[in-house]
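Shown below is the structure under consideration.
By letter and in written order, the chains are A, B, C and D; residue numbering begins at 1 in each of them.
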Amino acid sequence: MAASDKKDEKNGLVGRILGNNLTWSVVALIALIIICTIVDHSFLKLTWNTNTGGLAGPLITMLQESARYLMIATGMTLVISTAGIDLSVGSVMAVAGATSMQLLVGGTNVWVAILVSLLVGLIIGSVNGLLVSVLGLQPFITTLIMMLAGRGVAKVITSGENTDASQVAGGEPLRWIANGFILGIPANFVIALVIVLIVGAVARKTAMGMMIESVGINQEASRMTGIKPRKILFLVYAISGLLAAVAGLFATASVMRVDVVKTGQDLEMYAILAVVIGGTSLLGGKFSLAGSALGAVIIAMIRKTIITLGIDSAATPAFFAAVVIIICVMQAPKIHNLSAEMKRKRALRASQKAVAA
Amino acid sequence: MTTATTVNAPAKKAKGGKFNAQMIPTIAAVVIFILMLIMGQVMFGTYFRLGFISSLFIDHAYLIILAVAMTLPILTGGIDLSVGAIVAITAVVGMKLLNGGAPAPLVLVIMLLIGAAFGLLAGVLIEEFNMQPFIATLSTMFLARGIASIISTDSLTMPENNGFGWIGGEGWKIIDNPKISNDLSINLGVIIAVVVVVFGYILLHHTRTGRTIYAIGGSRSSAELMGLPVKRTQYVIYLTSATLAALASIVYTANIGSAKNTVGVGWELDAVASVVIGGTIITGGFGYVLGSVLGALVRSILEPLTTDFGVPAEAVQIVVGIMILVFVVLQRAVTVLQKE
Amino acid sequence: ACGGSSSGSDSSSDGQKTVGFVAVGPEGGFRTANENDIKKAFKDAGFNLVYSPTQNNDQQKQIQAFNKFVNDEVDAIILSSTEDKGWDDSLKKAAEAEIPVFTVDRNVEVKDATAKKAIVSHIGPSNEWAGEQAAERIAKDFPNGANGFILEGPAGLSVVKDRGTGWSNKVASNIKVLESQSANWSTDEAKTVTAGLLDKYKSQNPQFIFAQNDEMGIGAAQAVDAAGLKGKVKIVTIDGTKAALQKVVDGDLDFVIEYNPIFGKETAQAVKDKLDGKTPKADIQIDSKTFDKAAAKEALDSGERAY
Amino acid sequence: MTEKQPIVVMKGITIEFPGVKALDGVDLRLFPGEVHALMGENGAGKSTMIKALTGVYKIDAGSITVDGKPTQLNGTLDAQNAGIATVYQEVNLCTNLSIGENVMLGHEKRGPLGIDWRKTHAEARKHLAKMGLEYLDPRAPLSSISIAMQQLVAIARAMVIDAKVLILDEPTSSLDANEVQDLFEIMRKVRDSGVAILFVSHFLDQIYEITDRLTILRNGQFIKEVMTRETPRDELIGMMIGKSADELSQIGAKKARREIKPGEKPVVSIRQLGRKGQIEPTDQDVYAGEVVGFAGLLGSGRTELGRLMFGADKPDHGEYYLNGKKISVDSPYTALKNKIAYSTENRRDEGIIGDLTVRQNMLIALQATRGMFKPIPKKEADEIVDKYMKELNVRPPDPNKLIKNLSGGNQQKVLIARWLAVHPELLILDEPTRGIDIGAKAEIQQKVLELAAQGMGVVFISSELEEVVRLSDTITVLKDHKKIANIVNDDTVSQATIVETIANSGKEA
């Protein structure tokens, strides 16, 4: 309803902060950390692990895990901004992971393996992009097909095996990417953050971001301004594929092993959740990469909380759902406008009384 | 030969100006379904067997129901991702109750009510808290599956003489040949599916609620400004889809006689694929229930075909994916050509 | 005996015998090895094996495939079921069509008497046995008791239950499981979960991890290594893939219990026997081995391991 | 004489949006059997007032009384149930449904088996016939007819409920003179049956022709309620814009004729450009500094020709020359690259990019021509935005507002700014003054003349023959998707000439 657009500005700063989607994400993140700390008093403790040459502790492993979510959530943000969706990211992770592991086992140089995997991700993303932009297929169904087929491609690459490259001698750099540390901070998190910053800078310092949003808001009007929507659509799916490949490397290099069924499974849903928690609408339009990044960290944090609280594995989906529902409900305009709405009602009643009198 | 004539027919009609272009994808689905059957028959000789046809329907009665259920939200540009998980939770609860000695009619009602409860929750999240259907039903999907696993992770079977299994089971043999592969049989599950299809058709084409669903799919804000009961309709949609999912659960569990928390993983995607193959546009506004039924049948026949063609195991998913893609591209091509 | 001549002549009357294989699908590790072996064995034995995998462990697609094989009037059906229940109706049809059914890997529970008749034999190793072996190994490693974790597969699969039941049957009273978590059969998730558990239970000095499959064990080993606890936390896994055996040799894993996937030959033989009119054994148990460091090294060096 | 009782009384209505008080204590009374006009400039708050009465917006203060009962309107359904039927400013129908269904949605005729489609369509036909649309097939998809016709369908829809109050927000902005007359005929009938009609239009002639009573708004404030026949035009204009009418001297400015010298090359010249089913192969020249008007009836193909010249639709026939050089224009991008711009008549669907700001909407075309990776420097952008905000008098003067929150007229100005920012050599304006208040209309007309004077070629498409005749150097007349005449607009040419041309060629054909 149009009335829900009517946010109240009288509340000033407090109102604006409460009205901001990011605020509730931050609150949720802090709340989860507090809960974990109550259960596990050493949750916030960081120690120096001489074994790995980096910081160690629950927060660090959480950041390590969040790297892959950061990657797919970033790509997903751009895609969703164009009013599309990319359900294939999880499968692309598996394909990219399978490629790198298979190449390593086959004796390929590790850097070549990395490059080829990224290229494979880019290619799958581009195929998505072509189908959506040139053939005009619906993104949901196109990437759903790619999600099915991608898994199959991963299986074909490894002949259905879970290829293990942990014994391969030259794999060190890849292993480091996922498990190493930069100045004590997990390398994959740093890399992911840098990539997010680069994507953010490119999107916002050039006109790319505006054009993506424009296509997402009104594709025909965008075309009439001289934007080439096809090019934009192609671009976002290609980027999403590439970033999913990076995520796939993070996920497989962490254990130097690809699992054709499990690698990246269900992660498209997590990525979409991260984006939505971050305040980007699934209907397309305005996007917030910072919000999505925060969303990605929250997803990692929810999973960490599940482990820390020792929630029965049977109950984890329900817990996950509960947290997501709470966050999304708190972000609802209805909740933001609660106080303003009550004030309005009171004023209205008063004025009606005045009329009656 | 067959192809040429069947495909040409609608095109000719279109020139007359009477033919509705929106129906083309659905008609394409009919044609392709028939072609696939013919191809299967010619190459492998088993696709026209009555037994094959019977089990196509009996084994997929649940999918037909889910496809009808999924058609409603998709017509509005929404989606219901929770249908698979609702099948799981209602099945688990149903089996638990049956084993606890509850009478079958009561169990049926409770299962439907649980489905409805999840639909209501989705409706509240969507309408009251502005959550997008995708996210709202993704949440209820996690929730339903989670609760199902909390209740039980065992494989539960029906007790003997439960008054429930007759819904599925072998049903009736309409044509009883000496060989089972030539028997034409039907069970209550299939009849329920047919009733659901008729219900869906009447709802969408002969009630104001149904027309409001299409209007929302065309433009929600216009529908609101036209004074249509958009909010109420949205509730109806998600309540119906979730309740139908519970009904699908009844049909499925009655058919196999057991249930489990892992049942129905990925079925929402099969349902979406069916709906799309049947010509409904995922962004809403256009589509038909009957198309979705055909979509479900086409979707169901993909696996037997890959099996008979001996597609290597690793590539099965690729082939299924490509077949759906071919479908979608074909429909798109037909639609574009039609516009020209 | 009265079936008379060799199987070869029997099937040559109308060409090859067709066998339908209701399978799970190539999902890595055990599954791929198992199904490839069965396919190969039947090919070698001169059968025409029609293979039908499912997706997401979905029983429904298996039922569909099964019913299709019945309608196709295949000569026999091999059923590698994802679930142990819910097969009564399909088996009844098979019985009516007089198609013999052989269950492999997982046994199925059948109530209906006609349906029961359809099943000729079950061929496969035992999950409970494997769980028992894990419990016994931990008891042997820590006679004075120890704390540790269990990494489970996805909640609800019957393998997960059976392996868990086996463990519970034989676990010593002084062995304390601090927490059981699911890592969904996944290496990568197991690493994350284990890292979390090690953080959380640091004070209680965890000493063992029972991972219900090799994939998860390998992930757990990496988390243990990262935490600097290699060797201090003993990891026991089930399956016996080459990668896991290598890890045993390297000292990352303590003990691997085989869940032997290689029983294609036995299966093919049973089918052949049945079609030749003989009566195969109802329960053909496949022997599995266990591997400590020495045994693992020997097995790897022999170069005979197929998977 | 007994004073009539008003059927609707709105008192002290206040509605606030972030940063704007769109309405501030506005009163409105509607009387049965009267046509009442809401008057005010673009952005004065007319549409907002209407949306308050129809339950689209919740009011922040004030009261609404319908039929003597205080009424809370929490949605359009409430308004409908209270007997209020509305046609909104932007066409709000569902293009995926048939024409008949759009008319009858929510009021379908029902039989024992649910909706009875035969009866429903018959009923739809009846209501369409009232609007003079009896030739439309109610089963044809709505998307097959033009926006103007959709507007008429929307009005037909409003007649379906037995309304006590009928609200028409700028229904005439896309209609031609005949259709306006037909509409007025219906309005009179409805009025005489005792319905209160609320009417909004920027055409003063129409206001004086049809309305009985006026409520004047300015900047969201209530100015005055007056009887139409007691209020002279200049007084009304004065109340609306807060200035005396003399200050609007530029209204009626006429173009100084631009003589084409022999041998002069046109900026743009198309030869046999056409597209099957949309417009037959057409020749057209536009010279620098020339204003070419496209005249024709609704659906004559003016928009199609404009779109073709912009590459919005791909031509399948003919050639395109820019300054004598052959070019190929097959997409808006290539058109803009060649300095050809087109401002659409379909502002909502093809014009504004709603969730972007005014500033972004102004700059986006320029940005698109420069390419994604060459952002417009901030300083340059600021200058452009500043310049056009002032020059076109966009209100509110805040470039960081979302464009969807601007009133229709102001959105139009922003769109014109968007095209001016690319400095086109040829600017095609499709109905640029549609739905624009008299002040702004004069400003835009003035702007067109200025641009031409600076040497820009302009194609001016409008349904108002008056302004076409006043502004153009040559007039291209279209009929049935075909160019039928090219009239040099000298002193002998008047609106009547054009009308005659259209009528005559009909006879020949």
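Structural remarks
Methods note: contacts are C-beta pairs under 8 Å (C-beta built on N, C-alpha and C of every residue); 3 or more make two chains touch, one makes a residue touch a chain.
The chain list, named the UniProt way, goes like this: A, B = Sugar ABC transporter permease; D = Sugar ABC transporter ATP-binding protein.
The structure presented is a predicted model; accordingly, all values stated were derived computationally and were not measured.
The chain with its C-alpha centre at the largest distance from the centre of chain D is C. The distance from the centre of chain A to the centre of chain C, with each centre set as the mean of the Cα atoms, comes to 35 Å.
The distance from the centre of chain B to the centre of chain D, with each centre set as the mean of the Cα atoms, comes to 44 Å. Taking each chain's centre as the mean of its C-alpha atoms, chain A lies 30 Å from chain B.
Residues of chain D in contact with two or more other chains: 56, 75. Touching two or more other chains at once are residues 1-2, 155, 159-160, 313-314, 316 of chain A. Within chain C, contacts with two or more other chains are made by residues 26, 155-156.
Every pair of chains meeting the touch criterion is listed here: A-B, A-C, A-D, B-C, B-D.
Within the complex, the chain D residues that touch chain B are 54, 56, 75-77, 79-80, 86, 88, 92-97, 101, 105-106, 108, 110, 113-115, 141, 157. In the complex of the two chains, the chain C residues touching chain B come out as 23, 25-26, 35, 50-53, 55-61, 63-65, 67-68, 70-73, 83-89, 92-93, 96-97, 109, 111, 154-158, 160-161. For chain D in complex with chain A, the touching residues are 11-12, 16-19, 51, 56-63, 70, 75, 310, 312, 331-333, 335-337, 342, 344, 349-356, 360, 364-365, 367-370, 372-376, 418.
Considering their complex, residues 21-22, 202, 205-208, 211-212, 214-215, 217-219, 221-229, 231, 285-286 of chain B touch chain D. Contact residues on chain A toward chain B in their complex (touch as defined above): 1-2, 4, 85, 131, 135-138, 140-142, 144-146, 148-149, 151-153, 155-156, 159-160, 269, 272-273, 276, 281-283, 312-322, 324-325, 328-329, 332-335.
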